[in-house]
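The first chain written gets the first letter, and so on, giving A, B, C and D; residue counts start at 1 in each chain.
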Amino acid sequence: MWGDPNAVALTHLGLHTLQHRGQEGAGIVGFDGHTLRRHRGFGLVSQVFADPADLTALTGSAALGHVRYATAGGKVLENVQPLLFRFSDGPVALAHNGNLTNAVSLRAELEANGAIFQSTSDTECLMHLIRRSHAGDFTAQLKAALNQVHGGFAFALLTPSGLYAAVDPHGFRPLVIGTLASGGVVVASETAALTAVGATLTHELAPGELAVITDAGIAVSAYTTQTELAICSMEYIYFARPDSVIHGVNIHQARVRMGERLAAEQPAAGDIVVGVPNSSLSAAMGYARASGIPYEMGLVKSQYVARTFIQPTQDLRERSVRLKLSAISSVVARKRVILVDDSLVRGTTAIQLVRLLKDAGAAAVHLRIASPPLRFPCFYGIDIQTTAELMAANHTVADMKELLGVASLAFLSTAGLEQAVGLTTTAPHGGLCVAYFTGEYPTPLDDYEVAYRAELATLHPDVNVHA
Amino acid sequence: MWGDPNAVALTHLGLHTLQHRGQEGAGIVGFDGHTLRRHRGFGLVSQVFADPADLTALTGSAALGHVRYATAGGKVLENVQPLLFRFSDGPVALAHNGNLTNAVSLRAELEANGAIFQSTSDTECLMHLIRRSHAGDFTAQLKAALNQVHGGFAFALLTPSGLYAAVDPHGFRPLVIGTLASGGVVVASETAALTAVGATLTHELAPGELAVITDAGIAVSAYTTQTELAICSMEYIYFARPDSVIHGVNIHQARVRMGERLAAEQPAAGDIVVGVPNSSLSAAMGYARASGIPYEMGLVKSQYVARTFIQPTQDLRERSVRLKLSAISSVVARKRVILVDDSLVRGTTAIQLVRLLKDAGAAAVHLRIASPPLRFPCFYGIDIQTTAELMAANHTVADMKELLGVASLAFLSTAGLEQAVGLTTTAPHGGLCVAYFTGEYPTPLDDYEVAYRAELATLHPDVNVHA
Amino acid sequence: MWGDPNAVALTHLGLHTLQHRGQEGAGIVGFDGHTLRRHRGFGLVSQVFADPADLTALTGSAALGHVRYATAGGKVLENVQPLLFRFSDGPVALAHNGNLTNAVSLRAELEANGAIFQSTSDTECLMHLIRRSHAGDFTAQLKAALNQVHGGFAFALLTPSGLYAAVDPHGFRPLVIGTLASGGVVVASETAALTAVGATLTHELAPGELAVITDAGIAVSAYTTQTELAICSMEYIYFARPDSVIHGVNIHQARVRMGERLAAEQPAAGDIVVGVPNSSLSAAMGYARASGIPYEMGLVKSQYVARTFIQPTQDLRERSVRLKLSAISSVVARKRVILVDDSLVRGTTAIQLVRLLKDAGAAAVHLRIASPPLRFPCFYGIDIQTTAELMAANHTVADMKELLGVASLAFLSTAGLEQAVGLTTTAPHGGLCVAYFTGEYPTPLDDYEVAYRAELATLHPDVNVHA
Amino acid sequence: MWGDPNAVALTHLGLHTLQHRGQEGAGIVGFDGHTLRRHRGFGLVSQVFADPADLTALTGSAALGHVRYATAGGKVLENVQPLLFRFSDGPVALAHNGNLTNAVSLRAELEANGAIFQSTSDTECLMHLIRRSHAGDFTAQLKAALNQVHGGFAFALLTPSGLYAAVDPHGFRPLVIGTLASGGVVVASETAALTAVGATLTHELAPGELAVITDAGIAVSAYTTQTELAICSMEYIYFARPDSVIHGVNIHQARVRMGERLAAEQPAAGDIVVGVPNSSLSAAMGYARASGIPYEMGLVKSQYVARTFIQPTQDLRERSVRLKLSAISSVVARKRVILVDDSLVRGTTAIQLVRLLKDAGAAAVHLRIASPPLRFPCFYGIDIQTTAELMAANHTVADMKELLGVASLAFLSTAGLEQAVGLTTTAPHGGLCVAYFTGEYPTPLDDYEVAYRAELATLHPDVNVHA
């Protein structure tokens, strides 16, 4: 946020709104007119800012906030963002969403030239590249640096002079700009945060764009022309909030259409449609509408986080897991339940849910997944970096049906997913990255390539990695 | 819980399941074969037992847990239950759900005879009455004491010899007994807790019953014959979990029927039906079904608790409140929304929601409340003790419609509520206490009577208090 | 403290001054003009009041503070004083220094009559006795209660009407009254606390006296005439601060005289006199003066509390213990050291010190103890309740010399102690209780008598317990 | 510490022993055979390692610990040492005692070449210099770097290969090496830490020396030949522990000699000699011996740290300060007290002490300071960086006498100090740095020179700064 007297308080609200994007840590840097001050910590925003004094200490007219969702870098405080650098020519704060594919080789090269890293996060590379650039001003140095990092990223930087925001050349990760009645400018990952702070959407960053926001206004320019939209399809499937809009498409409605499309592609002989709360309710509603089978509240999610501990017996361990969700017996008893889930990752939750429904008396469970089978890792910022954890990467659909104990199991097709999202673009796959489903990566894999090819040769000998 | 080696761990799970019944504090007393040990504190179960060591220190074969929902007594640790008394003839733990109407006069009388109270909670009276009883054994002393306390209550006591559970002569507050495969016995406020620990419902305490659970088994007897069922209707309307069953009626389904009945009694010219998440989704579903108007997900509830602080501006204060709920603009824009809420207490949340929907583009909002107008205080354990806070006690429906800014406003009738719940009983009002809607109290008001009559004379000069 | 606008802040200072009298817990009750408020906790005053808000919440014109030194009652918060009772006729706070000999039998009798205790501390008995007294006013009820409790005690009670302070009929525990320039009145265990708050000593409570301090002034009266001074000699030996004055005798100077007397009674062939810091420096100085042997700083005490943990090896365990004290090698090397300690309890510290001095090169260590051998338990408030822990109760002087590894070992005589203190009184033993040295108890032992006689029969078959 | 299985536990003991050298923060880095792990925090060692788990997590055969005494760098966790750097070729930990005079210019130059600093501490410069050195191995790079930093320093570095320790070319700050029975090697600021861990002193680092400790043994070499001993005289005056030995001189005995010398130079007509506990007791003892005037315990220091808060009145503020020290009235009353203090910095404590003694009845106070007047700042690691705070830099002795309210005031001479310490050396000022007394600095002042000359021109127009 830039140019609003309540920048820190509004950023705090915005972080709460985007809490679903990362729960491992949080931080806010505020600009008080003189310098940048930071508070950060592990845990949820409400835990990190449990003491109001930590927030009020940051008051200022500009702020940069971050919630941490770990894909790379260990769990040490140094890695919790925004990173904050104090130079003799002024401080710079840096926040990052995404994953760089060439971070390891960049770091090795920088270190060989005397660079000292303070975090193990890939994010820090950008700052070293900026400081070692001989380009003219900060914007020019930043553009030079952005052209050296590869992968999926949305970067935001705050200095006493301005706020800088950039997305990678494929736009893997979303970034929107809004304006406030006060004249202030907000940059955020999702429109829900704009709504939360009362801002109006004015621009969505296109692949390869850099926005420079200063007291002189918003200047958007391209730092590269080699671009092609491939936004992460998981944003639409489960990651983003239902009330957000990305590239003109409301998330809830995209999910309803995924459910409708799934019903058309994969009908099931059920009595009721039940969604997994809360992320799959939209898709379940779509399935129910398209199939004409009644939508029912067969599962209830607890509104409280139950903190449970290492339990002495297997029975207690299972009961602890179930505290989060419970079945309404009088709804599901003696019914053939069509259970709709947004995605199938490891399968552990699905196994629990199927057992829960059967214990509550369900006659049969037909599992319908409103996305294609996840078979390949993501290198652009979703925490699926090893296929060993993916149920669909290691089993056939028939096998999974047995493992899950369901009467039938079916997935949405990749084409169906692309149509359900329905972006207006000529880019491949309707502008979506569907690499986790197909193995077709929009970019070279850089530092990950060797290990990935080795893993692939074992798991999917039939697939060719993107060259 | 009595007679299971994991009694403490299971009680901990049970408290998580019943967290919705009280968030002010929590505590567990465990019986380790020799003595009773306790851990208690302010806040949620997950906060009170944040340190696993506090739980493991309590290991034993019997346990008593409590979550605090304050209706009487100040916010001091002494009042957080279970209360624990150490006598030279052994310890006794005591937990209470409800509110006593004659606590003040009982306490005054006891003190005049030298009693020293350690809490300001009305619960403690019971223990003094037990200790001063000259009846034969502990069960007899307890029965004598139960006949001296008035109001709505469910008591549970734990001693090294047994677990004791009793409900008041009108059964205002629910209490169920379940058995485990291990032979252990569980007593809980709701069946959801039985499900959570894997117990099967074996008995629901009838008004005026006392259950004595020892190693010899479960013995249920009546401590009075002057009984008549008048269970709190708020349990069905919003207090209990949707997956619980009270007196044979599933809560979710009762709420669906309240919605259906409301649609029949109070139709509305709307395009979509939207429920207030999460408590009113059942009623909204019922309203949609009965009216044939589509049920839509127009409001989204955040799954994270946002901790916000005293905000410097009115705008920030309002934005903070809205973090909890947000509207999906693409769903509600240009639609006439029928907003279904389970009840209308102060009206402050409803005002926010209506504004939220209108800001998101709703053409109109028709508010439908799936319960009758709340006009009178509760003296039996629901925290509505002064009518000054009740919107419907101070305004006509027409006035409220204006204050809320809705196109129309309507409530479910008391008769409709009674039929929707549908208990099998010949007791008045279908076995429900509907005093908050009608002013007809099933018992004398004892210590509250004078103040209540005075308040009533001002607010509702037309109503006669129960004599 | 009564009648000063800064009563709470001054009480806080006073508790810091008296921190040496108890480190297990602390608490303050403040009277804000309406009611009594309390904050208490485990640990040092600085830990219990680590958050300034806890102190400022207590602001008022009267206050009662306490530091806990546990002799009876378990380590539960309920036992941390002041105890606070809320009655319908107003609150009462209660603090106690000492130990009651008939607490167990009093409690049993009270419970049999329906009393419910909230702590396991013997202190609470007094309040039950007060509340059950049928005497006229509070002062009369308190006097009646004081006549029912036996042992060594100094009680202070605070009500909205006044501050009450009383000592037992033998004056085992000290209590002084001072007045402030503001007109406020302070009661404290030692004069050092009066000095700390700027008060002037106006009265020292005589055995069997009760002081009632109200806005009308200070009224001192006797609640019994059966009195005889027998103040705890350990107060002079090591318990009280060197800058305090008890019954007209300065503690530091009494200790110097104990050292002088010890030098006369038990000379030693040494080169330097070294005291154990800090409690034995006065006695060592006295020994050096009387003997003419140079006083040297051979041992240094760390000014920081080293928190060490369970150590993996015996060597590390010993090193951890030594962090507290260290020897100055260049001072003690090749010297015959006369080590002066104030008392010898278990002997564990003495063993460490002797080894420390020898490791630093001392040629020999002559240990001189500035008090008689501790052979009997104390039942009046010093935490020596079992003789099994006392080195001198289980070994001869010759044996102890071997165990401690010293060249010689000698103690001050009881007569020498009495003369060194030098109270102006005709009471036996110069007005001191010397029971731990001689086994002659000034009072019946009540509830302790049977167990004590049994222990004694084994350890000291030659001694007759006081009949 | 290098090469002992209990390296971390012993380092922890050592830090406790050296706690007096820094109380702002503490940290330990342990080498577990694979990598370096760190725990650090603000406060005392006992606070930073309050949780034993934080210590046991560091177990290993080598360790580096540090207590922070802030002279430069803000109070942010990043500045708490040891600093820990993780390079692709392995980790390095770095700890520093002292102050660099050219840190600002070094940092500016490094930043201009792309360096990113993670702390604001001057210590970090050394690591950047090492990493940018093109010398052969780590030892060669370290030597190159040591030749680029100026000022007073003792550095210790830990890598998986070895422990490195170096002192500056004037030996401003002490560093000793000891060996354990286990074969382990310890490096510490003071010999007291060697004693605490059971090590024997084997070498004291001479100016300009670097010790490299590996599994192959201890290799000491000079990294420069331009050396001249000028050890900080404040180490002897008050900083080091009385039981430590620096360059062959025991601290306690050096202080006794300062007191003796002071008595000879500055006699006083007093009845008793009283030292300020605890740091000035040695000097007071020396003064008493040389003058023949009795040494008395007139002041008592509390063994507990009193945590006091912002007090509402001036009277309460003064009383809070006095909690730390109190006078024994019966010792000082009607006596002419010769009060001996080790040094006079701001004078605030001295003013309090004089008032305390007079309030306790002292007839007169003669203040004797066992070191010369502090008139100039220190740039080598003692936290006296501005003369504005130094009483003697701003007032004549006559003025100070009035301000302090003493009967007479006198200081030890610089020559007296040098003789009292008595180092065996031909270096100027007997091998001591006496710059704070004389303004003669052993090195150029580098980055401090301009500001210092400006300050000096105002305060001491008569003095020439070292050219």
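Methods note: contacts are C-beta pairs under 8 Å (C-beta built on N, C-alpha and C of every residue); 3 or more make two chains touch, one makes a residue touch a chain.
Bear in mind that the values here come from a model prediction, so they are computed numbers and not experimental data.
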- line: Contacting chain A as well as chain B are chains none
- line: In terms of CA centroids, furthest away from chain D sits chain B
- request: For the copies chain B and chain C, give the interface type as same if over half of its residue numbers appear on both sides, and as different if under half do.
  value: same
- prompt: When the C-alpha atoms of chain B and chain D are each averaged to a single point, how far apart are the two points in Å?
  reply: 64
Query: If you average the Cα atoms of chain A and of chain D to get two centres, how far apart are those centres in Å?
result: 51
- line: Going by residue number, chain D touches two or more other chains at none
- line: Pairwise, the chains that touch are A-B, A-D, B-C, C-D
Touch list for chain D against partner chain A, complex: 85-89, 107-108, 111, 113-118, 120, 127-128, 131-132
Field: Residues on chain C engaged by chain D in the complex (per definition of touch)
entry: 6, 9-10, 12-13, 16-17, 19-20, 44-46, 49-50, 52, 55-56, 192, 195-198, 241-243, 245, 250, 252-253, 278, 281-282, 285, 295, 297, 300-313, 315-316, 319-320, 322-323, 326-331
